[in-house]
Amino acid sequence: MTVRVRYFASLREKMGRIDDTLVYENIATVADVWRAVSSGRPIPDQLLCAVNMEYAEPQSLVNDGDEVAFFPPVTGGSG
Amino acid sequence: MTVRVRYFASLREKMGRIDDTLVYENIATVADVWRAVSSGRPIPDQLLCAVNMEYAEPQSLVNDGDEVAFFPPVTGGSG
Amino acid sequence: MTVTVCHIPFSPYAELEAYQQLMGDEVRRFGATAIFVGTMRDLNLGDEVTHMVLEHYPGMTERQLEQIVAEAQARWDLLDVLVIHRVGEITPGDSIVLVAVWTLHRGAAFEACRHIIEELKHTAPFWKKETVRDGERWVESNTKG
Amino acid sequence: MTVTVCHIPFSPYAELEAYQQLMGDEVRRFGATAIFVGTMRDLNLGDEVTHMVLEHYPGMTERQLEQIVAEAQARWDLLDVLVIHRVGEITPGDSIVLVAVWTLHRGAAFEACRHIIEELKHTAPFWKKETVRDGERWVESNTKG
């Protein structure tokens, strides 16, 4: 299966890249995706994740062709 | 003493005039002013009053040269 | 702080744009602006309203509006406040009232803006007389906030 | 209902004027408009900020904003909603976000407007990176509402 993984904001800078394309066969959940891109580490508490542009949880399922995103807490708006 | 009395909105229409100038000597309070302009009636519950453009009560004192106003509940703004 | 009773139609957004232009570098200091615009509807109490006359008490109205704004300034940390209220002959779709509050943070802006419009409706001497199909009528009470 | 992510400076008041023009006779139906404008300040956490970059997640950001507005529409009786959020390079004094809500009565307008800006700040994927005297820094958390 193929999964596109995207990173935003400070996480993008920490990862040193804007995205990855995974072709592993052993990916079932968002947590598996994170382990694949971070040398097996667990998802940091603060990190948010999305599957196909909808918020998701570490245990959310990932399917072939999905876009998975990781990013820090959001800080839009003003005031 | 001289007191100018002003009427607004539906009260102005009911009174049939926009103001009165009283020159009575026996006026001490806003209620006295109202009695003088309304053939001795008490101030209706709903009516609001002001002395020199500040909200006042029926028992508020009136002095020579004051402007006393009577008007119905206010309905400004919108929404 | 500016309070204006306006005798001709006004565009709240043109007024806001112009007012903020005059602030100059001040615009770099505030983070939040909360604004309320009240507009004349063509329907009230189930009746079609063709136009309306808004009467006020020149002198007292301005004084009351200034007191309402001063009270809000004492209660919240407000950088600036603009209040414009229309009087005279008004047509559906016309703006009746504008309340704008500039603050550092949004909580105070929303709370002060809402407080000012509620106080205005309850204490500022304005009276509405509507023209409906079968004649004229004084509006006797305000809608709840 | 319109939600826009805007890549260049915008005037919230010119946008509101233009948006309302397009409503036509609709303007005779609403009585209340509540508006929030968020502006970039030149000071944050005690430091002078010279400029800022606002990053977003194209596609997800718009979808989140639309969901936030749809939820508000389900909860309150809203006649129209306009949300504009700036992204890219931003200078102090620039407008960052505009939320405008048109309703019959002011209660729903204020509540929905505030709800939308709070939800936006907590869930819409935007991230701020500030340039201060000694370099750049990511803003790590939002101010409370």
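To keep things simple, chains are lettered A, B, C and D as they appear, and every chain counts its residues starting from 1.
One rule holds in what follows: contacts are C-beta pairs under 8 Å (C-beta built on N, C-alpha and C of every residue); 3 or more make two chains touch, one makes a residue touch a chain.
Here the structure is a predicted model, which means the values were calculated and not measured.
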Exercise for the section: Any chance you could check whether A-D or A-C wins on number of contacting C-beta pairs? Expected result: A-D
Fill in the blank from the handout: Distance between the CA centroids of chain A and chain B (whole Å) is 72
Problem - Centroid spacing, where centroids are CA-atom means, of chain A and chain D in whole angstrom - result: 26
Handout entry: For chain A paired with chain C, centre-to-centre distance based on mean C-alpha positions, whole Å
Key = 48
Problem - Distance from the mean Cα position of chain D to that of chain C, given in whole angstrom - result: 23
Fill in the blank from the handout: Residues of chain D that touch two or more other chains sit at 31-33, 36, 38-41, 104-106, 109, 117, 143
Problem - For chain B, residues that touch 2 or more chains besides their own - result: 78-79
Exercise for the section: Once you've mapped the touching chain pairs, tell me: line, ring, star, complete or other? Expected result: other
Fill in the blank from the handout: All chain pairs satisfying the touch rule are A-C, A-D, B-C, B-D, C-D
Problem - Residues on chain D engaged by chain A in the complex (per definition of touch) - result: 36, 38-41, 54-57, 59-60, 63, 85, 96-97, 117, 120-129, 138-143
Handout entry: Interface residues, chain D side, partner chain B - complex
Key = 31-33, 103-106, 109
Completion exercise
chain B residues touching chain D in their complex are 78-79
Exercise for the section: Going by the contact rule at the top, pick out the chain A residues touching chain D in the complex. Expected result: 6, 8-10, 50, 53-55, 69, 71-79
Handout entry: Contact set on chain D toward chain C in their complex
Key = 11, 13-14, 16-17, 20, 25, 27-43, 92-93, 104-107, 109-110, 113-114, 117, 143-145
